[in-house]
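Note sheet for the following structure.
Note that the chains take the letters A, B and C in the order they are written out, and that residue 1 is the start of every chain.
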Amino acid sequence: MTQKSIDIMHARNLHKTAANQKIGRALVLAGIYAFLILMALIVLFPFYWMLISSVKSLAEYRFSVPTLWPRMILLKNYAEAFTAANLGRLFLNTLYVGLVSTLLSLFITIITAFAFARLEFKGKELLFAALLATMMIPGELFTITNYLTVSRFGWLNSYTVLIVPFLVSVFYIYLLRQNFLQIPNELYLAAKVDGTSDWKYLWKVMVPLSLPTLISITILKMMGSWNSYIWPRLVANDEAHRMVTNGLRNAFTDTSGDVNYPVQMAAVALVSAPLFLIFVFLRKYIMAGVSRSGIKG
Amino acid sequence: MKHKQKGVFIAMKIVLQNLTKIFPSRNKKSDEEVVAVNNFNFEIPDGQLIGLLGPSGCGKSTTLYMISGLQKPSSGRIFFGEDDVTELSTENRGIGLVFQNYALYPHMTVKQNILFPLQNLKGSDKLTKEQMLERAYQAAKLVQIEQLMDRKPSELSGGQQQRVAIARALVKMPRVLLLDEPLSNLDARLRLQTREEIRRIQKETKITTVFVTHDQEEAMSISDMIVVMKAGIVQQIGKPQDVYDDPANLFVAKFLGTPPINVFEGRVQGGTLYLGEDAVLPVPGIPDQPVTVGIRPEGFILDANGPLQCTPVNVEVMGRDVSVVSTHNASANPFVRSIIDADNRVNVDSGAVRYSVKPHKLFIFNKETEERIYFEVK
Amino acid sequence: MVESKQQWKAWIYLAPAIVLLLVFTVWPIINTVRMALLNNYSGLKAAGGASFEFGISNFQKVISYRRFVQCLKNTVLLCVFTVPISTLLALLIAVALHSIRPLQKALQTIFFLPYVTNSIAIGMVFAAMFNIVGSFFGTENELIVTSGIINNVIEFFGGTRINWINYGSSYTANMFVMIVYIVWNALPFKILILLGGLTSINKQYYEAAKVDSTPRRRVFWRITVPLLSPMLAYVIITGFIGGFKEYTSIVGIFGERMGPVNDAGRLNTMVGFIYDSLSNSNEGRASAAALILFGIILVVTLINLQVSKKRVHY
């Protein structure tokens, strides 16, 4: 083997390595996409199933070989779902409770976070630490006593009972306080020098500057209201005050025989739609709110 | 790669051929693309320490990253020795790279950091655990951090971290060692010490080393050769002293040297160089034209009968030398700074100080192109 | 003078929150402990004027109660399976998402969808998917009309259909469905956090690993995972805490029956037990169970924190 042929072999080896690398990389990339798309399809499947089932006729739903696309589209399922589950009332109740509790809660969160962030008072650190400590306790502990308390107050089956106990969310107070702390203190001092009262400063300066966080909190709270189940079930499940999730489950209770699945799916779709719309338009705020909660712990 | 002996550094020359890197424009509106490196041609001899020098944005780091493989060139080729490595990915190039911020794995100890590249060796290069440990300790000894092996990077000072980074880069006996601004994160005191370290290590291992810096003093003090770059274009390549003594253009002349070169606007007339009214030097062979002139601070000789007359403003005593700060109407900068022997006494209030100029410390440049115009020195 | 005015003002700002917290948070903590320690406390009976002795019989009763042990078992099993599976899957998906550029945003959005859904509503969809539809199911006259889409897929690939959640289904099958659903629900949050963590890792570490010729697998285990470990720890710890409180997912699939038609309550969890006791006006027992639950969560979290001290690099 001459040196020249060794060199040629060597050069060819290098070229092959480079080429192999390119193929290897392309394969890995293809594999990654395949995996992700498979997972995405699995995640999306229930939604797809819900939607196509909701427009099928009951007969078509019961085909032994299911159809992947409805033969005919029965929008009347939706009308039926609406009335069978009394969705109109449920939506109204939930919206009302959601709006009122979110607004009141926002108000309380803002003034409380402001107090912790900017005002000076004795025992501030201790109080805040105690507040944080309550976050660690599972909600079920509170529920028991709260049920007794609200019974004693006579609030059962009213809007009040759905709204008041949850007005204080320690986590959102924490989040907002962090946000407030990041606004430079100099602004506050400058405002004081200008004779601005705390109240004005809070609402004219701090709140506008914290808008993204506040929007995230609002959305998450509304979503929480929409999805709430346990507490409403316990304390306000009568016709007049029932919330969406309770109504949904209890309207089509048994699975042993002939439930009208398409109509049930239509109901589910109707209930899920508002959330989905919020997601589509306000996705940024939701994801930011959730991830901020993650990193801050 | 087959002809690599275990345990010994094999130095390798690096050849850059027509190396070009173009970055597409960031926003869709402007068509501007950035030519970061423009047709760079250079053959780096094996076993040498090369400094890539230039202001920020001149393309030196981009060049370094293309040599490493972390950036792909837009055109041109790179050779390590006889091997064309242009298409080869970083993992297969066998280089060592010391990042500007060291990039030490924060969750591993120093020892684990240094062992890490060894654990990736495959095939005939694979080592036993004992061999790996031995190599790791050798590398640690080379950079003098043996006693820090069990610490985490966060527990080390900047200088120590950098030495660990160097050890990690060297432990796999790479063919080429690359350093990205190795001294810029260190405080001034440490810088002097560390650049000597780099020089010492390079001389001991004889590994072909390329480092990037914007500090000309750094580059000049330890490099075998320097490459001066500006806006992606190589300005001059040569030994530090040669480049200093013989700059190819105004940029190189201004970039090297502390204190910086004194720049004047002058003209050549009838074979003589005039700065203002002063006929400073005979320059036969240069046609009449306005020129830019550079005179090194050490190129002034205090001469009561000298042709160059300046108005002194301040005399700075530096112990070994004296620096005279003066003004001259042909000077392109507010002040002219000369460095003369401390035995000389200069009177600031005298209103005038006269110099004659050492011809080999005076450089003439074309006023438009800024290229060097040579003249005979008698 | 300004100081004391400030103090007053602060308390005014804090007043609403403090009042609400005192009534609905602080008092319940105290009261729960109190009720747990009053033997056989029942709110109903208390209202009727009965008095109760101080003691731990509530706790004793709870622990020995067969239903409770069943609920505990369900809760633990669900946790043990769903937390590792969802974490690993989320990690793989997050890493995969992180390494692509085109389609990344779109896929990220898709993976986040389950988070914005109503856990009970989608539970019903899952139930529909796993359901066998027919009449007189489980009897000799049973008429199976369709096996449900999941079974159809199985049969399409040559398998036999499984009775997932209907009359006569096995515990294992039920649990399988629950695990699948809970993992499906848990993925978005975990993926979001882990992806955020991945993006925050300095790219230079990966470049250094490239220079060190590190093979892909090693980059993942020796660099990515350790640097991601704080987020992983967070996701696992919150995963366990959430897992122990699992309740609505089960309601979503099985309805309030908490199990297949022939075995109601089979899948009930600790939280479900607490609410059942509450509905039966057994506040003493409910409180004891709640405290036990809290204790378990505390212990598990502390164990997790201990482990993370060793394995997590900050």
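Definition applied: a contact is a pair of C-beta atoms (placed from the backbone, for glycine too) under 8 Å apart; a residue touches a chain by one contact, two chains touch by 3 or more.
Predicted model only: the values in this text are computed from it and were never measured.
Following the contact convention of this document, C is the list of chains adjacent to both subunit A and subunit B.
Among the inter-chain contacts, the highest number of C-beta pairs connects A-C.
Distance between subunit A and subunit B, defined via averaged C-alpha coordinates, is recorded as 56 Å.
Centre-to-centre, using mean CA coordinates, subunit A is 15 Å away from subunit C.
Between subunit B and subunit C, the centres computed from C-alpha atoms are 60 Å apart. In subunit B, the residues touching two or more other chains are 89, 92. Those residues of subunit C whose C-beta lies close enough to touch subunit A in the complex are 3, 6-7, 9-11, 13-14, 16-17, 20-21, 23-29, 31-32, 35, 43, 89, 92-93, 96-97, 99-100, 103, 107, 109-122, 124-129, 131, 133-137, 144-147, 149, 152, 165-167, 184, 187, 189, 192-193, 196, 216, 231, 234-235, 241, 244-245, 247-248, 251-252, 254-257, 261, 271, 274-275, 278-279, 283, 286-287, 290-291, 293-294, 297.
Remark: subunit B residues 1-2, 82-85, 87-89, 92 touch subunit A in the complex.
Across the interface of their complex, subunit B is touched by residues 202, 204-205, 207-208, 210-215, 218, 222-223, 226-227, 229, 313 of subunit C.
Against subunit C, the residues of subunit A that register as touching in their complex are 28-29, 32-33, 35-36, 39-40, 43-47, 49-50, 53, 61-66, 108, 111-112, 114-115, 119-122, 124, 127, 131, 134, 137-149, 151, 164-165, 167-168, 170, 173, 198, 223, 226-227, 229-230, 234, 244-245, 248-250, 252-258, 261, 264-265, 268, 271-272, 275-276, 278-279, 283, 286-287, 290-291, 294-295, 297.
Taken in their complex, subunit A has these residues touching subunit B: 7, 10-11, 14-15, 17-19, 21.
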